[in-house]
Every structure is written in structure tokens, then in C-alpha cells.
Amino acid sequence: MLDKNGIAQRIAKEVKDGYYVNLGIGIPTLVANFVRDDIEVEFQSENGILGMGPFPLENEVDPDLINAGKQTITARPGASFFDSAMSFGMIRGQHVDLTILGAMEVSQDGDIANWKIPGKMVKGMGGAMDLVGSAEHIIVAMMHTNKAGASKLLKSCSLPLTGVKCVTKIVTNLAVLEVANGKFKLLERAPGVSVEEIKNATEGEMLVPNDVPEMQL
Amino acid sequence: MIKKVVANATEALEGVEDDMTFMLGGFGLSGIAENSIAELVRRNVKNVTCISNNAGVDDFGLGLLLQKKQIKKMISSYVGENAEFERQMLSGELEVDLIPQGTLAERCRAAQNGIPAFYTPAGYGTEVAEGKEVREFNGKPHIMEHAFKADFAFVKAWKGDEAGNLIFKGTARNFNPNMCGAAKITVVEVEELVKPGELDPNFVHIPGIFVQRIYQGKNYEKRIEQRTVRK
Amino acid sequence: MLDKNGIAQRIAKEVKDGYYVNLGIGIPTLVANFVRDDIEVEFQSENGILGMGPFPLENEVDPDLINAGKQTITARPGASFFDSAMSFGMIRGQHVDLTILGAMEVSQDGDIANWKIPGKMVKGMGGAMDLVGSAEHIIVAMMHTNKAGASKLLKSCSLPLTGVKCVTKIVTNLAVLEVANGKFKLLERAPGVSVEEIKNATEGEMLVPNDVPEMQL
Amino acid sequence: MIKKVVANATEALEGVEDDMTFMLGGFGLSGIAENSIAELVRRNVKNVTCISNNAGVDDFGLGLLLQKKQIKKMISSYVGENAEFERQMLSGELEVDLIPQGTLAERCRAAQNGIPAFYTPAGYGTEVAEGKEVREFNGKPHIMEHAFKADFAFVKAWKGDEAGNLIFKGTARNFNPNMCGAAKITVVEVEELVKPGELDPNFVHIPGIFVQRIYQGKNYEKRIEQRTVRK
């Protein structure tokens, strides 16, 4: 079974040379720490920077330089700043190659819910609806089940949707799955996790190939 | 050069009234119009609608107006850092229109540029699309969104000149440029106000034509929400 | 009767303190020479400059600094450069206060034609359709009649339109007229020109007040 | 940093074929992609559609492609400086779609930003509106316009870095920034190609994400159409 860093580490393998990548808040943010050094990748943060670098040193902290999670950051050589309309132009115009974001629920059709629990929690969708509405390649990073132990991979989402039929891949603490023809297709098992365990934790329909390899990190 | 300079926030907010609609730049607490917000609190205008990506935190930014119950309605994309906001919303005291962040930016930009409506895929199939026209382009459903209408835009820039030309800094730029000229009156506060000719015309982010009033702000706090550092 | 400079000089009186003004090619360009020194006016050229200055000195000529007529120009202190989308955002968004442009025909409803003579001449509309489609205050600068002596102030335009019901004022070599309730309202006579002469040169319906003053330049 | 630098125009135009649609920056002869245009002439691609505000003059800019009858269709706003253009158009050899300049710019910008369609008042009641949807907003009729679709955009910038970030100069900026990322492949030629980090990230006009290929141009002629001077 993976922890949050493990999920991020596995997702980092999906990041290809030459990609522009948007990382959501939470586990996705950790992905940057695991991307191979020998490939060229640029991170976009939708509040207005391309070429985001690591956190600043204590003496570099600048309130005018933050990421979408409101964390202080740095800019890499070759970075650029821009306004919100242009930032979402990059996203809506499909110039960003890969979007990695968290979710509260994902359906077997690729629907995603991650912004609202009616009557309880309303943080807002931020840029998530723009991202999932436009991106061609969307990976969800999340725990396979919620704190109560219920599956987050469902036949259909029970919460208000963020986007429909948009998720392409899901990486959880238990497995890597692909959304294919209205089913979750099991691609890889987390280290030490059995197919049975994954089945038990997945409410939606799952397609299980004969051989499901353990993931390589 | 056309006269736009005013002495301070009080003069800049001349004409602000109850029941108006305001646009406010900033992402989180970065690039917010600190002086204009303080003046809105001081004036105690009531029943206002605020178009702003976020709603500040409990004791800073738009949170200050929320505390004093000055806001009737918020149009935002993300409001997750504000307990008083959540309380007012869940209790029904506060009307809230949550919309996708890119749609929020583009609706500002549309108002600035005289585009009354446009289509975007963001929000299709969700609550956001309810009651809106859906149309297919390139085989993909899109929803129609309208330009915002607002009375005042409160913008924060880094440098500005007396002709109203503006330069923003880093990610404090965010929604600020898109709101200039998107309301009937655009009020800009700057950290540094210079003479015309001191800004390179090739590197002006927003030309002065989009700005009606400009003033030198003071006492910027620039509070950081998530101070993250590496060793 | 006015020459082109006279028309420009008369139009310059319509330019108010604090105006942003877009000047079309031809007579309108001359208006800049006659604007009073004691008022503040900024000229926008739709190819991407606000704060246009006079022609350059010989040693200041820069091919990267031209106006919409492709003439070399200078930039005033406080000028700015921008792209075409933003330039027409200024126009479409009604941030430009006054538009002055030439015309081949104007109708008594305020329609304007200035971009095409079918089968003969097609230069294109350039920015004129955006300007007349959005501006709230449009002044046409033109000769009252064409080279063949025919009126250019018509009941309805015969040439393909540039915009409908948009012209607010017309300044010609003979007169100043306003478009009001589907008629040309005669406001001023050019020096030495009689109402009769103006009537004879105007095909469209004209409203003539009892007293039509001679224009002051 | 993502590899975008190519050696020259020939390498930059790899994949250009007959019957394609191109976007070309520039206003008149200012800010045109001189090197890429020369390469289009050299390759002698035929039957192409060009989206460009102007059509060059008889012996420069897009006029060079017109002379060699490489262009099937022009989508422009103003073509008044080119006798060969007028001849081909009036004789019917050349298809011409004349559209308002602001609409041309916005249709590029829409393509860049993933906006499939928008509404504008420009052209309402004229030939331009024929066959297009008309809709009233704020009591005023508007027409619906679509984002352009193109195979290549040929852009000229002043300075660029190896990450594809661009800076334009003066009014040579014009349509160039709006065309970046508005076609499947954006090819940029620059007067000066520098290392990443040499351009101030706060004053980049177009971020590298909108650019696929960049190269150092050469022998810029920068012809002036109307040399006007004062004494």
C-alpha cells in the first residue's frame, strides 16, 4: 500500500519529457519532487506562473510569488508571469499537457467530484472545472477509500460534479486504474496489495486483466 | 496627459454606494487592493456584491467586509480559507455564486473588451451549467457565459504612472489586469506612482485608457497565507 | 468652403479635454495638428499604440513604430504598446471616447459606407467596422460631394455598408451636420457657404433651423 | 527547459504542406515573419489559405507568395496596398474573406485561449454578418464569430529565449502575440535568441507554452511603407 508520497512517486512516472504540467493542491503538489532529473518539464500554476521552481529559501520569500495553493514559491530560469485570463487560456486552449488533481469521488465513466459536499462543505471549484473541462490527459491522485472506509471509485458520483467523462487515469494508495469504456480498468497493484483487496475497495465496475503487475516505483 | 491621479483611497472611492457591484483583484491575499478594501470598511457601504476569486481570510482582505456584514453576495471560485464566509453561506445570510476560475477571469476580460458573451467547456454537465445555454462546437458541449457588469473595479498594481499605465509584479498580477476597464470606474492603487515616461511603453501591462483613478497606496501588509520554505 | 485642413480644424473643436481619440486615415489624421494645446488628449492607433506623438525626426525613424496608416510616428511620454486583441478591446469596450473617420457615403439614418465599391475597388474595412460598431461618438470627415459632384449625404447608402445607424456628426467642406431622427440636421455653414448651396449638395433629407450660424474655426 | 530551438527557417517549417492554413503576424510590413515567408516561397507550397491582416505589397511580405500564385484564399481585413492582390481578387483567381480587424484579432485570440465562439457588434448590418447568427445583448445586436483553425502560425518577435518566451517591440507587436498557440504549430523567428533567465519573467509578452519552434532570423529588411518625418 502506498502513502501520499508513494502515490506522487508513481504519478511522476506519467510525466513525459517536454510536458507542461498543472498540479493541483495536496498529493499532486508532491509529484514535482519525484520527476526524473533527466527530462524537461515545466510546471504551470493557474494563478499565473509557468516555470514554477521549488519553495524559496528563508531569505527569498516573496508575498508576490505564490502558487495556486497560496504557498510561497520560486521561479526557474525561463519562467514567465501572466494574468488569470491568459493562464486559463493555456488551460482551456489545451496547451497544458497533463493535469494532476485530487478528487472526492470518481465514477467509472470518468466523472469527477471534488468541490462541494451539499450542506456541509463548500470550498469552491477554483480552477478545477476549467482544468477537467479542457485537459486531454487528466490523472486523479487520491486515496482509494474515504476516512469512513467507503470507496471513492463509484458507479456514479453522489456529490456535485466537477466534470463529466474527463478522467483518464487514477492513481490511489492501492492501484493504478484507467477509465475505459465505462469501467475502471485495473492496470497495476500497489506493492503488497492483492487484486482482491482492490476489488473490495472499488464500488464501480472494474475490468481486471488476467495478469495485473505490481507497480514499479 | 489625462488627469487620473487622486490623493488617497477616500478620494478614489468617491461615488461608492450601497447595493453596488464591485470587482476586486487578487488571488488569495496576493495582489489585493488593501487600501481600497480598508476604505470600503471605513465607508461601511452595505449590501454590496463582490466579484473576487477569493473572499479573503477571517481578519484580512474581503474577510474584513464579511465580518461587518457589508456583503450581500459573493461571486467567486474558491472560498475555502474563511470560516466566517462558510458560516454566513451555510446559514443563508450570504448569497454565493461559485463559478469556475477561468470563467471568472474570462468574464472580466470580456467586460473589459466589449465581448458580451462567449462559450467555454468549463462546467458543462455540472451545477454551473444549470439554466445556461449549451451548444456544441467541434463535437464538444460548451456553455455560454456573459461578461460581468460592475460599478467599480478595485485593482492593485505594483507600479503605475500618472497616465494610468500599470505594471504588476509576479503572481500578484492574477485577476488585476483583467478587471481594469471591466467596471464603470476602475480605481487602482499602486506601490509606486511615477511620472509619465518613466515606464517603458513596451512593458506596460495595462494601458491607462482602462483606468479612471489612480493613487499611491500605503502601509502594504502583503500577508502570506502559506509560508513554505526549503532549507 | 473648407479645404481638408479646414475640415480637420473644425473637427478638432469637437475634441474635449480628457478624450481618448482614434483617428482614421486621410483627413482625420490631420485633426491632431489642430487640437488645442491647453487640453489633454491621447491618440490611439488601432495597430497598437496609445499616446501617439508627431512624425519622427529623420534620425528617429523606426520601422517598428508606425500608425494605422503605416506612417512612421513617435510615442509620447506615457505611451503604451499592446497587441491587436487588446487594441480592439479598447475600441469594442467603448474605452475610446471619440472616433473620427472618412466615408464614401453617409445616410440620413447614420449608416456609413467606406470600404468597398463592388467590382471596382476592395481595400477592406480594416478596423472601421469595429470602430463604428462600438463607438458611441463617431464623427465623419469627408467632402460633401464626390469627384463627379454627386452628394455623399444620401437618403440611403448605395455602397456596401460599414455600419448601421452609428454616425453622430458629419463635418464636410460645406457644413457641420448631426444625424437626428432619420434626418441630417444642419448645424453650421462653412465660411462663405449658403444654406442653399448645402441643400443643393445634400441628397438626403435635411432639417434646416431658422438660423444656421457660420462655423467658427 | 523544453526543447524548441531549431537551426533555421528550413528546419522550422518542417511539415508545411500544400492546402494548409497559415496564420501570419504583422500589420502592413511591420512585424512580419520575413524569414518564414521567404521559406514558404522557397518551398513553393501551393493552394494555401493565409490568415493575415494585410497581404503585403507587390514585392514584399505575402505579396511574394501572391506573385507565385501560392495562395488560394486570403482572410484579411485590409488589402489596399497591393495591385497584384486586387487583380487576382477581381478576376476571381483568389478567394478573399474580408473581415473586421478586431474580429480577426479576437478570432486568433479565441483560438489561442480555447474559446470556440464569441459575440461582437462589429459588422452587424453589413455583408460581414451574412449567414451568421445575430443575437441581442444589452439591447444591441451582435454577431457570433468563431475561433480560427490553422495548421501553422508564423510569428515574428523581437527577442525570445530558448524556452519560447517572447518579447515584441513597439507596434511590430500587433497580431503576433494573438497568433501564438492559435495554430497547431507556432513557429517564431526572433531578432535575438537568448538563454532562459535572460528575459525578465515579469515582462514576457508571450510565455513559451504557446510556442513550438523558435529560431534566430536573419537579414531583416523591415521595409517602411510610409516614411513620414517632421523637420
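Should a chain be cited, it is by its letter among A, B, C and D, assigned in written order, with residues numbered from 1 in that chain.
Assume a residue touches a chain if its C-beta (ideal position, glycine included) is under 8 Å from a C-beta of that chain, and two chains touch if they have at least 3 such contacts.
Keep in mind that this is a model prediction, so the values were computed, not measured.
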Set of chains whose contacts include both subunit B and subunit A: D
Between A-D and C-D, more contacting C-beta pairs sit at C-D
So what's the Cα centroid distance for subunit B and subunit C, whole Å? 36
Centroid spacing, where centroids are CA-atom means, of subunit C and subunit D in whole angstrom: 28
Once you find the CA centre of subunit A and the CA centre of subunit C, what distance in Å lies between them? 55
Specify, in ascending order, the residues of subunit B that touch 2 or more different other chains. 106, 113-115, 120-121, 168-170, 202
Multi-chain contact sites of subunit C, meaning residues that touch two or more partners: 49, 75, 81-82, 85, 88, 91-92, 134
Pairwise touch list, complete, is A-B, A-D, B-C, B-D, C-D
How about subunit D: which of its residues touch subunit B in the complex? 106, 110, 113-121, 135, 137-138, 142, 146, 167-170, 202-203
If we count contacts the way the header does, which residues on subunit D are in touch with subunit C in the complex? 27-31, 53, 76-81, 86, 89-90, 96, 98-106, 108-109, 120-128, 158, 168-178, 205, 222-231
Interface with subunit D, subunit A side, in the complex: residues 18-20, 40-42, 44, 49-51, 75-82, 85-86, 88-96, 134
Residues of subunit C touching subunit D in their complex? 45-49, 54-58, 61-73, 75, 81-85, 87-88, 91-92, 111, 115-116, 119, 121-130, 133-134, 160-165
Report the residues of subunit D in contact with subunit A in the complex, numbered from low to high. 1-3, 111-115, 161-163, 165, 181, 195-197, 201-202, 204, 207-210
